[in-house]
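Below: one structure, written as structure tokens.
In order of appearance the chains are A, B, C, D, E and F, and numbering begins at 1 in each one.
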């Protein structure tokens, strides 16, 4: 169960309105790696932990914090939209600044949300749960989390460079630091799980049931063999259970596939038509 | 540029048709972590590498291999659908097996694809590029790749346990082994990049510009402090640049947000109505 | 900012596992009118309120409660999935119960979420922010909220009738009661706003700027005039500013539209081809 | 069955082309509350009415009218796009007006639709049936309809203020008036149903089966108690069957959830790993 | 503008309820090639015709007819859902027929639409305007229409074979016949436009501006040269302006791409890290 | 199985960066008829061919070529994005060119993809498999392919006119020529199949089972009879098995639909409320 307090986790006050930056900032609120994604991802992972203890607690701690980040970004975006001018071509023609705003702002901020933040990304795609993952396997999921924090911090850093507003930069510097923490945190948790389980997910599938002969092989399916120079092509593999090898000219292991005909009630192209390889029909006959 | 050879990378022949398992197997073809996702993710990452060398080559190698995995799964699914019975309630009533098939198979396999595989997951959601990521930052993206291979291997292992068909299990044991390789490979690549760049993405953002005072802090936003017991709560952080600390009762750093009123041309609730906190209207007046 | 406590708002314990019902119950967790929708809708509305006071507070109260409902449903679904059997056609053939489960359960509960709840509806569509609304106009939005609670309670009542599990029914009776409260609450809030603003949203658009002559007219565009019998076809309109009237045979007010040709650089069908109404080409010429 | 006449319901002629406004106007054609949404929503509701009479007739009347509104908007948008200039950065650099158009117009109007209207919103999201609702319960659905007309009129009013084109404003004043009618109409219909059924949807679920003790309670989950001042916190509730009460410090009614472990064939994190709360592994071990 | 009459274009009465077939039949109502798709596609094409005359008229005729088909299918589906039993695992365990229904029916038909048809396909994906096309070029669009009617008739024929209900079969035989007409009709219209414009769309782009040397070449990018046997590999091309030729071993015409480094404010992998091809880091260093 | 070579199929080098055109060009990479769509469509069709021979080979040839087109466009877009300036309103205010770029470029090119191409269209919608079709019936599918190449060439021609960059134009002239080939190729293949099967898809459904009396009828559902003038309204139909006829005033063939009431456990509007056509309630009673 949750409780809400009115204060923000950190300040969210721009120096001045800027509807173009409001649009851009939506990315880290409602985009693929925005705060809605991490909040929902951590909470769903937490609720699915089939046991108690520190991992569930850590997920709930962090997921609950991300709710506060959604709130900070929603507040900041509303303030960046303060008094956003709107208009048509005639308006744009008179004032190049307004022309730029009309081009660069999300028109839904005026028409749909009434100058409020939206659960959408910087091009207006609405947030979707396609973005998140909770698999029940924590090592897999903590890797998803580390990725999310890596992509997220990267995007916030890019946004930091795109604005000159000191109030915005101040808030972004908070989010960047929190993402530093969260990357470090998931790395620490991943290391702990890897040390308990080994690095390959899932660790409990019997190795004897996989095709071991290709479990450490780099197949060179693309021309050039620069990839042979990497640490993934020779030496002991990170799981400590095999040695990498490199196949420069990989050949197929399987056959040419040949499918059975479909039954007539499916109304596919009839086999007689399909397999007539000889050309018996004049090509320009209509 | 690409070339195609007719042989499959590995065999894809079930012992017998099974439209229920065909439906389930769609998950690792067209689902969030199916083969379409990894093929497209690695190729888009490869095409975006702004430099040549082993990382681009590795991405193209692996992305091209994943195209072959799509092909193997598409072939296997078509064969599992061979002669799939279809029917209505009357048919189901006569035969419990057909009833089970009608329930467990994807009706689009009969109606839409004509007993062919679909670019969709196990519940029929069509594949979407929402699933993939290519950010231009390889450390971030290799973490996305390691996550994709972890989730993918996990799903294939689960599917391996859900079938008794030796032909299917044989093919899945190939895919599981390749995912073992790919997890090892991305781990090796991540370690190399981390050793060159440090572990926090992006490594080139000046640390002085982030709020360092909260860059190593675990805020305990959820009741209970089991999370204080983990390696993410004390000791040196994995980036080697800070020491974790734990805040058991975190207080807000920001203020209560107060937004300015919207201009009249937005037609939001007028400020006079919005802020009248005293209740002056009988509640049952319509 | 938010805090989380470990206890659930209310019990979420089924008598026994039931993966079919787990699938159905997903509707009110991650469907169009599920708990994710109301939580996100109320919170986004709350964060966009451009003023302080009771409306914002009410939205934050209720939105925060809905987060607890997501949690209860996620917990209940995980428990309904306890030990869910999975399998293929061979398994189904041996046991009609398992056949029914294979048909009626969401295969992603086994393959993707590892027996955890998903942010998806009862047919597996992932939750999308397309479902929610926050417009900045509270009267409009409270109507959206009343609709959401009406659809939501309706769906929970239907689910209540679909199960015999007393533990599930106990939890649903809680949710149904809360939806009773929330419908009453939004009705009370709507009445207050309507009494301050009038019933037509937005209340601040000047009436003189709309075509008043058709602002109270029911046009009978469908055969039969049963619709003339309703309270919407005669008498004073609810806004008290017009009298309903009924037009049995509505004629168009506009002209036949005729569009200008497109410029050549758009490569549409050329005007010469498009507008040649006389048929000059033998129909069977290929 | 439907018939089409060539004349528009009302005029749809702008004074001059304006591709920026064409883009913005798409919102009320193909957006969440655009004319496609209301047409499809009313028609699907009408087709699902399990009985004849005035409600079905009213839905078919209004749904059929909304088809005419789609047509008017499609015509208006095509005309606003007449001769839209298109170009690249070089073109934009030479002429600030064209620069503004390139920014503010939807490029798909040139590339995809050939200067025609699209079934999409103002940021290019294609229309989806996620937007509509037809539940079989008319009181619930009429509330959905009232919300749709409220949001729709709000959006059209905002667009009215964003243009100076008298032809566009003339058409919008028609749509605004029709939305006035439709809001009044659904309010009248809602009142009739509420008077027959009571205000809580569904009215036929036995009250004794819900947890009556929390059916009229406002839980104060967010700090501050401004919400206690509203008509939803005390006095008789609108359904006339209970008295609102306010709980300032709500405690949980449920327990801390504890989930059973998953079976091994699901390959989640093993219980031994999951529940080891003591930290036995050096955090920097890789 | 549209008018609606109450009678259906054709009968839509099943012999008996069948919720499984109702689910399957949704495909041709709300699927990719269902009646919503063709109705919306033809109407949007019609509204975008920039000229008057027979093509626009034909589109409006056919689009308006498709609205009647949506109505027939919505009616049929509602009737197939009459009294659909719903339940949980306990119910399924007692009765294999109900088990089959629970598996094969769409749970949203009970929970969401209250036994009404939904704007969705046979697996529950909601209809999306991603399915339709209106480009302003009628030859292109009539090809889209011919495809839609081909896919649509194919799906209806498959459904015809999946049911034994004479009432359903009667209605489907109507839809199949109408699709026969619509295929013939679009073929006739395509032939007329092709005879006026030539077969390559768009016909007005100057041939001199395309790379003529590869405009009639079949590149054999896949192993084997069975494709050389077809009428597309030799002889005069259908456009009468070139002769097909076949390249058995196609070589690239372009260079190896090499992208410039990104600027530092994008925070991609730094060039120094990216292009270090020599492996200088021990692979197992963490 | 696939192999990749490093060279592009054709050159992809612009004269200069242009982030606005990069955004527009995304349409033919990741839009509805972009190169991802045709690659995936042809490959899925090829993998589903239930027989060997020239059709499967042709599909694999062309699908594999389209992978190379994705690569060319991804490379071109990355180069058009070289050094793209980014910024906020303050930046835009100082420089109208940058203002135009901020409006016309996709902000995700900076924030999300790090100046790389995205699997998305020109307004930022991510690619979805909703765009593609593979039905198992090749005549149907080749029509889908001809449509895709027609829409695709149309879009590339429009883009050709929107840029002055000679490098971009050079690459587009290649793609336009390849689309000329592909249109010709699918026409040739369609003609061959039509001559073997007849023109109506599917050709194997018994004609006696469709309602022949309406299989060649044009119903005039829209006012005006310009459509009677076309080759689709009289004369022998293209399938050679019927004569077109025209019905100027089409009447319904079906009855007024009347649905049975829903059972009580569905909680729809009760029949007593639904069918009370007499108005017994004062309209203003709340």
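Assume contacts are C-beta pairs under 8 Å (C-beta built on N, C-alpha and C of every residue); 3 or more make two chains touch, one makes a residue touch a chain.
Quick caveat, the model's predicted, so the values are computed rather than measured.
The set of chains in contact with chain A as well as chain E comprises B, C, D, F.
Seen as a C-alpha superposition, chain B sits on chain E after a turn of 120°, to the nearest 5. The two sequence copies chain C and chain E touch through a face in which the numbers common to both fall below half of the numbers used overall. Chain C has its Cα centroid 26 Å from the Cα centroid of chain A.
Each of the following residues of chain A touches two or more other chains: 1-9, 32, 47-48, 50, 52-55, 60-61, 64, 68, 75, 78, 86, 96, 99-100, 102-104, 110, 112, 114-115, 123-126, 128, 130, 135-137, 139, 154, 157-158, 161-162, 188, 191-192, 202, 205, 221-222, 224, 226, 229-232, 238, 252, 254, 256-257, 259-260, 262, 265-268, 277, 279, 281, 283-284, 286. If each chain is drawn as a node and touching chains are joined, the picture has every node linked to every other.
Interface residues of chain D, counted against chain E in their complex, comprise 1-9, 30, 36, 40, 43-44, 47-48, 50, 60-61, 63-64, 67-68, 70-71, 74-75, 78, 112-120, 126-130, 132, 134-137, 284, 286. Contact residues of chain E toward chain B in the complex are 18-21, 23-24, 27, 31-32, 96-97, 99-104, 121-125, 154-155, 158-159, 161-165, 221-224, 252, 254, 256-262, 264, 266-271, 273-277, 279, 281, 283-286.
On chain A, the positions that touch chain E within their shared complex are 154, 157-158, 161-162, 226, 229-232, 235-236, 238, 265-267, 277-279, 281-284. Those residues of chain F that touch chain A in the complex are listed here as 1-6, 47-55, 86-93, 96, 99-100, 102-104, 106-108, 110-112, 114, 123-126, 135-139, 188, 191-197, 202-205. Within the complex formed with chain E, the residues of chain F that make contact are 5-12, 32-33, 52-58, 60-62, 64-65, 68, 72, 75, 78-79, 82-83, 86, 110, 114-115, 128, 130-131, 133, 135, 137, 139-140, 143-144, 146-147, 150-151, 153-154, 157, 160, 169, 173-174, 176-178, 180-181, 183-189, 191-192, 199-202, 205, 209-222, 224-232, 237-239, 242, 244, 252-257, 259-260, 262-263, 265-268.
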